[in-house]
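Structures are listed in the sections that come next.
One chain, chain A, links the two complexes that follow: it is found with chain B in the first and with chain C in the second.
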Partner chain A sequence: MMLQPEKIEPVLPQRQPDSTALQIQGLNLWLGHTPVLEGVDLVLAQTGVTTLIGPSGAGKSSLLRCINGLYQNWQGQIELLGRDIRHWPGGWDQLRSHVGLIAQKPCVFPQSIRANVVFGVQGWRQRRRADALVEAVLRQAALWDEVSARLLAPAETLSLGQQQRLCIARALAIKPGLLLLDEPTASLDPRSKQLIEQSVKSLAASMPVLCVTHDLEQARRLGGQVVFMCDGKVIEQADCESFFQRPKRLESREFLSWNVCEC
Partner chain B sequence: MLKFWLTFSSLTTAIIILAVLGFLLQASWPLMQSQGLSFVTGTEWYPYEQLYGMLPVLVGSFWSIVLALLLAVPTGLAAAILCAELLPERGRAALRFSMELMAGIPSVVYGLLGLWLLLPLLESQFDLLTGRSLLAAGLLLALMILPTIMVFSESALRAVVTEQRETALLLGLDWPTRLLRLLLPQAWPGIRVAILLALGRAMGETVAVMLVVGSMDRLPQPLYNLLQPAQTLTSRVGREMAEAVVGSVHWAALISSGLALALVAMLLSLLTQRWRS
Partner chain C sequence: MNRSQISKIIIVGLALPALLLPGVCLAYILFKGLPALSWSFLFSATEGLGFGATSGVLAQLLGSLLLALLASLVATPFALGTALYYRLLASKRQQALLAGLLNMLQSIPPVVFGLFGLIVFVHLLQWGVSLLSGAIILAMVILPMLVLNSIASLERIPGQYTEAAQSLGLHHGAVIGRVWLVQAWPGILTGQLLGVARALSETAPILFTATVFSGVVWPESIFSPVTTLQTHIFYLAQEGSNPQVIQVAWGSAVVLLGLVAAFALLARYLANRYENPQHLGAER
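Right, the complex of A and B next:
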C-alpha cells in the first residue's frame, strides 16, 4: 500500500506577521584573537533561497554556525521569526531543532536508512510510527525512489551523494523552519549535485534556505538572493540576476571575474 | 625470519594453553573417577571423609561476582560518562589517572583495606559476628573491577566520531537524548568488552576475596543470604592448596576448581574476541 506523503509543516513559535524569517544586525564574531565576522547584516524572507558566496575564510560557514547556535560568543542581534535566538524558548537545543544545518561532508549514523531519517525525531513512538514522515522527507530530498525498497539497509551502503540527500531528509524530518546548507554539494558527482539543487529549490518554495557555496554556477542555478561576503563582512546582497549581471561593488565584480577578493 | 618468529610464538602460545588444559584435565581426573557428577552438585566438602561437593563454592562465586557487577557496572559507566562527556580536560585526566592507579594496586592491598575498613563497617551496620561475608567479597570485588569498567568504557565513549556527535547536536537533541540515542549505543561494543574483562578479573581474584569472604564451606541459608560467610572457587584453592598432598583426590578436587575457572575464563575470552570483531 502506498503511503500518502505527509506535508511537512514547520513547527515554530508564533510566526511574525511580516515576511522576514531571519534578521541579523551588526553581527560580530571573534574566534580567539581573530575577527571572523564584522558587522554582518542580513535579512532572509519567509521563503526562497539565499546563497552565500565569497572566498575561503570570508566567514560564511561561521555565520551559519552563529545562526544555529554552535557559536554562541558573538555580539549583535540575530532574530528568527522575530525572536532573539539568545532567548529562544527551550534554549539552544530547541533552537537547533528549528534550524536544520547540512554540513559539507555527509555524516550518517551506522544504522538503517530509516533509523537515520527519524534520528532527530523526538519520542520513541513517534519514531516507530513515522512511515509517512519518512516517505515525505525522502521524497523532498529526492531520494525516495532510490531507497524505498531498502529502508532497513545500512545507511553506509549509500553513495556519497545519496548520503548527503539522506542528511537533508534527516534535517527535514525534525520540521525545521529554516534550512542552512554548508557547501552541500562539494565533492559530489554532477548527478547528485543536480538532484540536491532541485531538492533545495523545491524546499525553498515553503521555507527559507540559506546555502553556502563556492560554485558560482550553482549560485546562479539556485537563483533567489545572493549575499557576497569577504573578510567577515557582507559586501553586497542582491537578487541573483542583478548580482551576476550588474554587480554594484568593485569587490563583487573582481570576485565574479577572477574569483578573488581583496577587500 | 620475522614470519618464522611470529609462527613460532603463536605455536608456542597455543601449545602452552593446550598443555595447561591437558594438565588440569589429567590432574583432576582422579576426582572425576571417584565422585562423578556429585562433584558439581554435592554440598559437602570434607577432605578427611573424601567428600568434595562444589556447589557451595559455585554459589559463593556466583553471588560475589553478580554483586560486584551489579555495583561496579552502573558506577563505572557513570564515572566513564562523567569523565568522557562532562568533565573539563584537566578533571578528566585526573579522574582517569586515579582510576588507572586503582587498577594497578595489588589485590592484597585491597584485601587488607577490606579487613581494616570494610569488615568492621559491615559488622557494625548489620550486627554480624565478624563482617566476613559474601557481601564483603562482593563489595571488595566491585571496588577492584571498577577501574577496568571505567577506563575501557571511557575509551569507548571517546571513540564515538566527532562528526556524529556534532550531527546529533545539529538535530537539536539535548544531551541526555544524545547520550541514550548516540553515545551509549555506539560505545556499547567497547562497554561490553569492559564488562567481560572486569568479569574475568572478578572471577580470578583470590587473595582479597580470601581475606574477607569467611571461607565457610556451606550453602548460604537462604540461598540469597549475602550476610553469611561463604567460600569461592579461588578462595578455596588459595586456602587449601598448600595443605593438599600432591596426587591425592583432595589435590585433584582443588585442581578441578582451577579447571572450572580456566574453562569459564576461556569462554569469556572467546566471547570478548567475538564481540570485539
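Right, the complex of A and C next:
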C-alpha cells in the first residue's frame, strides 16, 4: 500500500505570520579567553535561505551553536519567533527540538536508516508508527528513491552524500522551525552537493534556513540573503545579488576578490 | 656482535623470565592438578578426606561463583552511576580528584577490606560470616576497577554521537539511554566479566567475612556462609603432610584457574567482537 507523505509543518509556540523568524542582537561569545563573537546582529525572515560566509575562524559555526543552545554562555539577545531562547518553554532541550542542526561531517547513528530518521522523534510508539513521516522527510531530503527498498539496512552502508541527506531527513523529522546547516556539502561529491542544494532550496520555501558555507559559488546558487562574517563580527548582510554584484563594505570586496579578509 | 644485537639479547634476556616463570608455574599446576579432575571431583560434595573436608569441589565451585557474581551485581549500578557522574556532572578538578581516589582505592590491600568487613558487616551490623558480607566486601574490592572500565567505555563513544543526539533535542537521560549505553554496553559487560574474574581470584577479603571450611553446599539465604575454591585451597594447603589432601588442593587450583580463565577469555572475546563501537543498536 502506498503511504501518503505527511506534510511537515514546523511546530513552534506562538508563531506569528508577520514576525521575523530569528532576531539576534549584540551577541557576544567568549570561549576561554578568546572572543569568538562580538556584537553580532542578525535577522532571519520566516522563510528563505540565508548563507553565512566568511574566512575560517570568523565565528560562523559558533553562531549556529549559540542559536541551537549547544553554547549557552553567550551574552546578548537571541529571539526565535519573538521568544527569548534563554526562556524557551521546556529549556534548551526543547529549543533544540525546534532547531535542526546539520553538522559538516555527517554523523549517522549505528542503527538502521529508518531508526536514524526517527531518532529525534519523542516516544517509542511514535517512532514505531512513523512510516508516513519517514517517507515524507526522506522525500524532502531527496533520499527516498535511493533507500525506500532498504530502510532497515544499516545507515553506515550509505555513501557520505546519502548519509548527509539522511541527517537532513533526521533533522526534518523533529519538525523544526529553523534549519541550521554547517557546511553541509564540504566533503561531498558534486552530485551529492547538487542534491543537497536542491533539497535546501525547496525546504527554504516553508522555513528559514541558515547555511554556513565556504563555497562562494554555492552561496550564489542558494540565493536568498548573504551574511558576511569576519573575526567574530557581521560585516555585511544583504540579498545575494546585491552582495555579489555591489558589496558595500571594503572587507566584503576584498573577500570576494581574494577570499581573504583583514578585519 | 654489534651493539644492536647486544641490546636485543639484553631485552630478550629481561623479557624471557617474565614470560617463562608464570608459564612454568601454570604448567606445574596443570601437571599436578589435572590428574585429580574427574566428574565426581567436579560435581560431588561428598566427604572423604576426614576433618570435614570434601573430596569433590561442587560446593566450593558454587560458592565461588555465587560470591563473585553477586559482588559484580552489587558493584555494577554504583560503578555505572559513578562513571556517569564523572562524564556528565564532574568538573575537571572533580574528575582529577575522582581518578586519584579510584587509583588509590585500587591499591588498598584486599585484606584491609576483609578486616573492615569483619568489623562492620560481620560484627557491627551482625550479618555474620555470610554470603552478603562477602559479596559486599568483594564488590568494594572490584568497584574501582569497574568504575575505571565504565569511564573508559563511555569515553570511547564518539563525541559527535552525543552532539547529534543533543541537536535533536534529546535530554540527558535519553542521550544516556539511547546513545551512551547502547554504544558502551559491550565495554561495560567486558568490565563486569573481568570484575567477576578478579573477584574469583580474591581470597583475603572473604576469608573473614563469607567462608567456612566445610558443611555448606548451597547457602540457605544471603545470611548463610559459603565455601569457596580460594579458601578451600588455602585450608587444604596447610595439611601439607597428607598427599591425598594436597592432590585435592591442586585439583581445586586447576578448577579455579579454569573459572578465572573462562571469564577473562569471555571478556576478551567480547572486547574483540565489539572493539569497533559502531555496532548496530537494538532499535530498528
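As a convention for this text, the second predicted complex is superposed on the first by the 261 of 263 C-alpha atoms of A that agree within 3 Å, B and C clash if a C-alpha of one lies under 4 Å from a C-alpha of the other, contacts with A are read in each partner's own complex, and residues count from 1 in each chain.
By definition in this document, a contact is a pair of C-beta atoms (placed from the backbone, for glycine too) under 8 Å apart; a residue touches a chain by one contact, two chains touch by 3 or more.
Bear in mind the structure is a predicted one, so any value in this text is a computation, not a measurement.
Novice: Aligned on chain A, chain B and chain C: do they clash or fit?
Specialist: clash
Novice: If we overlay the two complexes on their shared chain A, which of chain B and chain C does A:Q94 touch? Say first, second, both or neither.
Specialist: Both partners, chain B and chain C.
Novice: Tell me which partner A:L152 touches in the superposition: chain B (first), chain C (second), both or neither.
Specialist: Touch partner of A:L152: chain C, not chain B.
Novice: Examine A:R83 and indicate which partner it touches, taking first as chain B and second as chain C; both and neither are also allowed.
Specialist: The answer is neither, since A:R83 touches no partner chain.
Novice: On the A-aligned overlay, A:R114 touches which partner chain: chain B = first, chain C = second, or both, or neither?
Specialist: In the superposed model, A:R114 contacts chain C only, not chain B.
Novice: Take the contacts of chain A with chain B and those with chain C, and give the residues found in both.
Specialist: On chain A, the residues that contact chain B in one structure and chain C in the other are 68, 70, 93-98, 100-101, 103, 105, 107, 109-110, 119-120, 122, 167, 170-171, 174.
Novice: In the complex, go through chain B and note every residue touching chain A.
Specialist: Where chain B meets chain A, its residues are 161, 163-164, 166-174, 177, 181-182, 186.
Novice: Residues of chain A touching chain B in their complex?
Specialist: Touch residues, chain A against chain B: 68, 70, 93-98, 100-101, 103, 105, 107, 109-110, 119-120, 122, 167, 170-171, 174.
Novice: For the complex, which residues does chain A have touching chain C?
Specialist: 68, 70, 93-98, 100-101, 103, 105, 107, 109-112, 114-115, 119-120, 122, 124, 127, 152, 154, 156, 167, 170-171, 174
Novice: For chain C, which residues count as touching chain A in their complex?
Specialist: For this pair, the touching residues of chain C are 158, 160-161, 163-171, 178-179, 183, 277-281, 283-284.
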